[in-house]
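Have a look at these structures, which come just after this line.
Same chain, two partners: chain A is paired with chain B first, then with chain C.
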Partner chain A sequence: MEKAKKENKNEKVGPDGLTKKERRALKLSARPPQDNRSATEPTQNSLEKTQVNKLGNTITEIQNTIAAISMDSSKSLSEKEQRRLEWAKKLEEQNKEKGVDKNVSKAELKAKRREMQEAQRQLKTEHSKPVTKTPSTEKKDVEKKLETIQKHDTKKVDMKKEETKISPKKDIKKIIQPHKVQLVQHLYNEEILKLEANAVIVHQDIHPAFIKLGVQYGNKVVLGSNARCLALLAALKSLINDLKSHPKQEFCRYLETVLQVSANYLYTCRPFAVSMTNALRYFKLQLTQIDTNLKDSEKKAKLQDIIDTYIDDDINKAGDAISMKVREKISNGDVILTYGCSSLIRKILLEAHNDGKKFQVIVVDGRPLLEGKELLRRLVVAGIKCTYVLINALSYVMNSVTKVVLGAHALLTNGYVMSRIGTAQVALVAREYNKPVLVCCETYKFSERVQTDSFVYNELGNPDALSVTHINIPTALKKWKDVAKLTPLSLLYDVTPPDLVTAVVTEIAILPCTSVPVVLRINASDTT
Partner chain B sequence: MLDQENLSDVSNLVSDIKHKKIYNSFDVALKTEDLLEKLILQRQWKSARELMKLVKSRIKFIRDDLPTEATATNVMRHILKIIREEYESASKKKGEGQSLHQLVTSNSSDILDYSESLSSLRSSILDHLGEYKVEIESSCDNIAAQASEHIHMDEMIMTVGKSHTVEKFLKCAAKDRNFKVVVVEGAPFYYGHSLAASLAKSNIQTTVIPDSAVFAMMSRVNKVIIGTHTVLANGGLRASSGIHAVALAAKQFSVPVVVLSHMYKFTPLYVVSNNHEAFNICASPADVIPQSAGKILNDIEVYNPIFDYVPPELVTLFISHQGGNAPSYVYRLLSELYHQDDYDM
Partner chain C sequence: MTTSANIQEYFCKIIKQDEDVSVGVAAIRSLMEVIKFSNSETVQELEANLKEAIEAMKNTNYTVAAINSACELFIRFITLAALDTRDFEKCKKIMLARGHLFIKKLEEARGKIVRLAANFIEDGCKILTHSRSRVVLQTLRKACKQNKKFEVFVTISAPDNSGKRMVKDLETEGIPCTLILDSAIGYIMEQVNFIMVGAEGVVESGGIVNKVGSYTMAVCAKEVKKPFYVLTESFKFSRLFPLGQQDLPEEYKYTSDIRRKCDLSKIHPLVDYTPPSYITLLFTDLGILTPSAVSDELIKLYL
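Now for the complex of A and B:
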């Protein structure tokens, strides 16, 4: 992946004197194409698809039309093709005026757009999952691509001209974007797609369970990493249940392709959580190991069984084990501080309470998500004595705390804990007051990724949520969109350095943060 | 009863502060100075000692009623020192607190008791007060004028909540420097939002982040510039809540923390714990969790503290209108500002 990007950069500085916008197009088209093992021809095709789509992403109806048609038209764009494009555009406008077949054509357009997005998405997921490829093939891919790019360079420039003619200047400016924090500009990339995905375009290849899931992810109804993983596995189960066997393809292979399409769709709604990536990887691995001689129904049953076992072993039982371990550490009279709303922490605290332990909980909460309220509600209902503060009052309450228990989104190989934004700060203040910090995390959330800051890989929350108070009263920030230099920034995760964490409680043992690679190694040798 | 009437001026001030009619510390300082000017001009007093007694009773009143209000008492303390100085120069005697040598060699008759009635005292004190008033009024501009010495091109600066001094400082720096500002919103009061809106309007690239994102953001920040409520005698701060965590994060990433402070915020007071009774006040918990949360409100405790104690080792620099100083030098600034005898009353 790194190589691809580097060569990409070389391409950027190339001597052909391209303008900024053209470079953008180049950059985009230089991403690994979806499936290039077969031939260069489809690669080119998809390249052009993406390119056209990116250029035409100016959202206006006309441009989409053109994009769709141009994609439809043929493999390479000659001058002739361009003329045809313009002609098609005129035709489309006429159609609109007539109002004949409007609905049908719209639906078709939508489908086509969908397909294009699919292609783009595939590129993206390919991007995010370099594990499946060996480095040598990847290098090849990149070389191939560069060749194709150079071949089509001139054509692209032509295309560019055409596109600029059509799109009004305003839209170009929009692409440059005033309301984006430069530091995390790379995280905004998803947003355009997200907007379109939110419009819920039905695609025939995606199971309704996944469509629903995508919307839930996108709207952050399903938010926690455990919840996201469980929801994904549930959707996967209903997909397996409903999937009809393909006449030509072997069931598992067919399922694999369908799953890939669905996963790509989900990715556009929201980038994957580490838990989801790990679960999917595990499932795909199992998929390859299924005996091909079985009947489809047997395969189905077996796959369902695999998922059930995964949920049971890696999520539920792991949670139970962690809960038991932490319960041993909670003694009567403890004051436990926790941040946000982790499903695992909730389980631990409730079970410890049911076990007869007498302790208090301080729930610390952070804007704009204010998830802690939910945890607070459940703990209070269970009869646990609770205190609720916002994160600014941390130093005020920390003195009375005896233990800090935190949840995690993922544990990274270098020992950093990726968790809800604010967790690092809680750990930091806890260290200042010399309080032990326990991070609870199932091993299925351990990741091979390494990260030392919170910007390289992160997700962005809704910036609008920052401009209102906790009771939805708009503040002085409400008109931020009118002021060019004002930008609210809401990150979803941060990483806590290992020196702020006393120990990580996993289902295997209570470990130091730095043991993550050991656990990963052992787990890997177990499964293969 | 008579005593109560005499204190009506100061009790008005206290109620204004309590009801947030006077909001920022600059206005408090000016009002206090005004109050004492009137007192000196209108009240009957024969000697410096009587006048000092009047002022001291006012300081006590404020301290009892508003233990966290430091600006008003600081201004009064400084005026006490002015009275002492003027008396000394009028009576041409040396006061105590001099060098050891002088203390040893001086005879007891030289010790001042401020009881002489001097005719020129009133006018000379009023003159001096006039100067002090100008000093207070220009303090903000003087601090802002130093901005370009502290901010370089293309810096990323973090600030918390809203401080008029910081606002002016940054805007002044923006005249000839290009930099970005990250404003921590300071929930549940959201003062950061109005600061951010104001900075962005004067063409400074401004990013607003929630309090929870401080740690994540700090790794990219070059400087933390904040205002404070009070500077304590050990060089620590009583600042708005959340700043302790910001300062800790800054320490973690070795980011300098610069505190802008007027001289009237330096307080000869040692409080070194966040939970000290006289140190903190809690605002309404309704700002933290809405009343509409319903039944669970019966069973929970909610805190909404206003201040944070920041220990001196987390502060890199104080900037006052006289220039920059390290926290370790605060004791010396205090002895310049106030008379030893007035530290504790």
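Now for the complex of A and C:
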């Protein structure tokens, strides 16, 4: 903390030294004049010098010859020539000085600028995260920086006005934070939010079920679109059950406000899944339609009933319907490839197996979450013949596959499928091998959002997970925080374009991806 | 009239009598006949009768795709809709009235398609078509009546050589046409302007089920970048989603006779499935659709 303060003091001076003019002046004054011809002399200058020397030589030769012919005339000529020679030498020297100055300053400027930026960056990070310690290398850098700044302190005063005008521009232009990928800068707030969440964890308005849920979301204990939605609805139910009626407010309105606070808290733990957003929206809509004349206890019962029917109809029954539809498409002798662990896919495969279908499953998995292991375990227990590969072996196994069945996080209006990162790759390889790709998705996961790339909206996973192996042994990457230029990027989702997906299996029907808007329209007209 | 043999007979008679009646329309007419003459007393009984009749028609030697989708639509719109009246006789009358309306609509459908598609035929263009499709034939006739000069290539379309009949029909209209081998599709492709085919069924994905060889033609057209147009009535839309050729139901691929008698693995199929990515446009009585719009229309119809 002390150090940070110190640096802060110096920082005001720090960026001051950045103007070109000043630096050049400083350098000139600092450098002894003889230094010009030092080893750093550029080749161009030496070339010029030799040329001039050659010229001088030839001139003296001429001089001698002329002198031999006539002394008088030669003297005047030689004087002239000598003068010219002297002038040329002077010119050359000047040039050299300039050139050296320029060349040295360019390289040095860059280095200096970089140092400055680094120092600024450190200051910033130290301000935002007082807990993290600066590594020793960075410390050195800062110290060096401080020294240079102190050296040039005296000359800065007169130029201060100019600099203060310039420096903010530079800040805007070149904020490159360490360990952050420029393209997804907008996704990084998660960490800060996490800190905040920990700080205000004791919030009196939040039901303990929600606090627990928030922690579970944050630590990724509850994982998967369906599981997260079900957990949310369960927490919601206990909230309704425990909520005491407000003396002044109507029960539903009060519940609404409480729910809003809880939802905000949950959001700080982890951004909502589309399934959760949709479920919450549905619940809030139902909340507004409840008869206000009922007793509070009746309202409670009714609301819980609404949640139960939602879980039953939109999640469980939808899953059953999808399972039935996919089962029809699975024939004996099929080799089915799936990626990661979707609760729906697990259900489908197990039910198809219980139905007596003879098929084989290839579970493809991807680091760092390795969710596929869980799926593999359950399938093997059920007695299905399985193969387990990591995603880098995908093209090797794809040849023997007959169908690819994938889960989804959400289906977007433009037909894109949002799912666990790696799904797009699986779909791409499947298309390349001309294998049908079935995406299984309940309609409650359909979203009105439109997205064509994975960067606009996504979530960031824990970058530390990339630097350890699956059994938590750190790899060579473990010290990535020490290397400023190394930025691990761990995204959680990607989007798959509709032309890579043969069909989407929903509880309504097997549809092409392009029919998502129609389904959304129908669902919207149903609920209102 | 309620026995399945009678229905089959009636159904086949309609098709034989009138060349221009498609299998789907014939199936619906037969179902109307079932409603008219059935001596059932309840709606449920009638429905059972209808289902029996549908099964009977599926067992004739016509391709099932059109029968299936047309009957499904019929059952949906005529019988399900009539359940709100209590008197059975009244109900029956309503059903028949609706049925007539339905058939009338179906008969108008082809005219609409012809009007839409004929505009796409221009003077001097060359058209490739596969097998014999009534709606394609009528479209070409219409274009000819509009005094357009164009040339048609028709595949011979094995195994039933229906292309020969198509050529004969076109020649009587005075349309210049050439009969080509099925294997010459690739050769002829670069000369033609576009492809126009009919369809036995349109599936949920927006792809079509049609006489075997259509898929070959579509793949070829895509490679040579020629538009592939499909002319089809909307009653042929069915809620099926084949993932590939193997995934097509067997009743679509083989007639009932073959299914009963032969080893299917050694018999060539009668139809194949053309995925939506190979189809440029579908001309239907609902308008000119892209393949992805088929699913939208189906959702509208059935949900």
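The criterion applied here is as follows: the second predicted complex is superposed on the first by the 347 of 528 C-alpha atoms of A that agree within 3 Å, B and C clash if a C-alpha of one lies under 4 Å from a C-alpha of the other, contacts with A are read in each partner's own complex, and residues count from 1 in each chain.
Definition applied: contacts are C-beta pairs under 8 Å (C-beta built on N, C-alpha and C of every residue); 3 or more make two chains touch, one makes a residue touch a chain.
Here the structure is a predicted model, which means the values were calculated and not measured.
**Student:** When the two structures are laid over each other on chain A, which of chain B and chain C touches more residues of chain A?
**Tutor:** The partner that reaches more residues of chain A in the superposed model: B.
**Student:** Which partner chains sit in contact with A:285 here, chain B, chain C, both or neither? Use first/second/both/neither.
**Tutor:** After superposing on A, A:285 lies clear of both chain B and chain C.
**Student:** Touching A:390, do we find chain B (first), chain C (second), both, or neither?
**Tutor:** It touches chain B, and chain C stays clear.
**Student:** Which of the two partners, first being chain B and second being chain C, lies in contact with A:485: first, second, both, or neither?
**Tutor:** Touch status of A:485: first partner only.
**Student:** Quick one: classify A:456 as touching chain B (first), chain C (second), both or neither.
**Tutor:** neither
**Student:** Once the complexes are superposed, what residues of chain A are shared between the chain B interface and the chain C interface?
**Tutor:** none
**Student:** Would you mind writing out the residues of chain A in touch with chain B in their complex?
**Tutor:** Within the complex, chain A contacts chain B at residues 181, 183, 366-368, 373, 376-377, 380-381, 385-397, 399, 421-422, 424-425, 428-429, 432, 453-455, 466-467, 469-471, 475-477, 479-480, 483-491, 494-496.
**Student:** Where on chain C is chain A touching in the complex?
**Tutor:** The contact residues of chain C facing chain A are 204-206, 239, 241, 243-244, 246-247, 276-277, 292, 295-296, 298-300, 302-303.
**Student:** Which positions of chain A touch chain C when the two form their complex?
**Tutor:** Within the complex, chain A touches chain C at residues 329, 331, 403, 436, 438, 499, 502-503, 508-512, 514-515, 518-519, 522.
**Student:** Looking at the complex, which residues from chain B come into contact with chain A?
**Tutor:** That would be residues 185-188, 190, 193-194, 196-197, 200-201, 203-216, 219-220, 241-242, 244-245, 248-249, 252, 273-275, 280, 287-290, 292-293, 296, 299-305, 308-309 of chain B.
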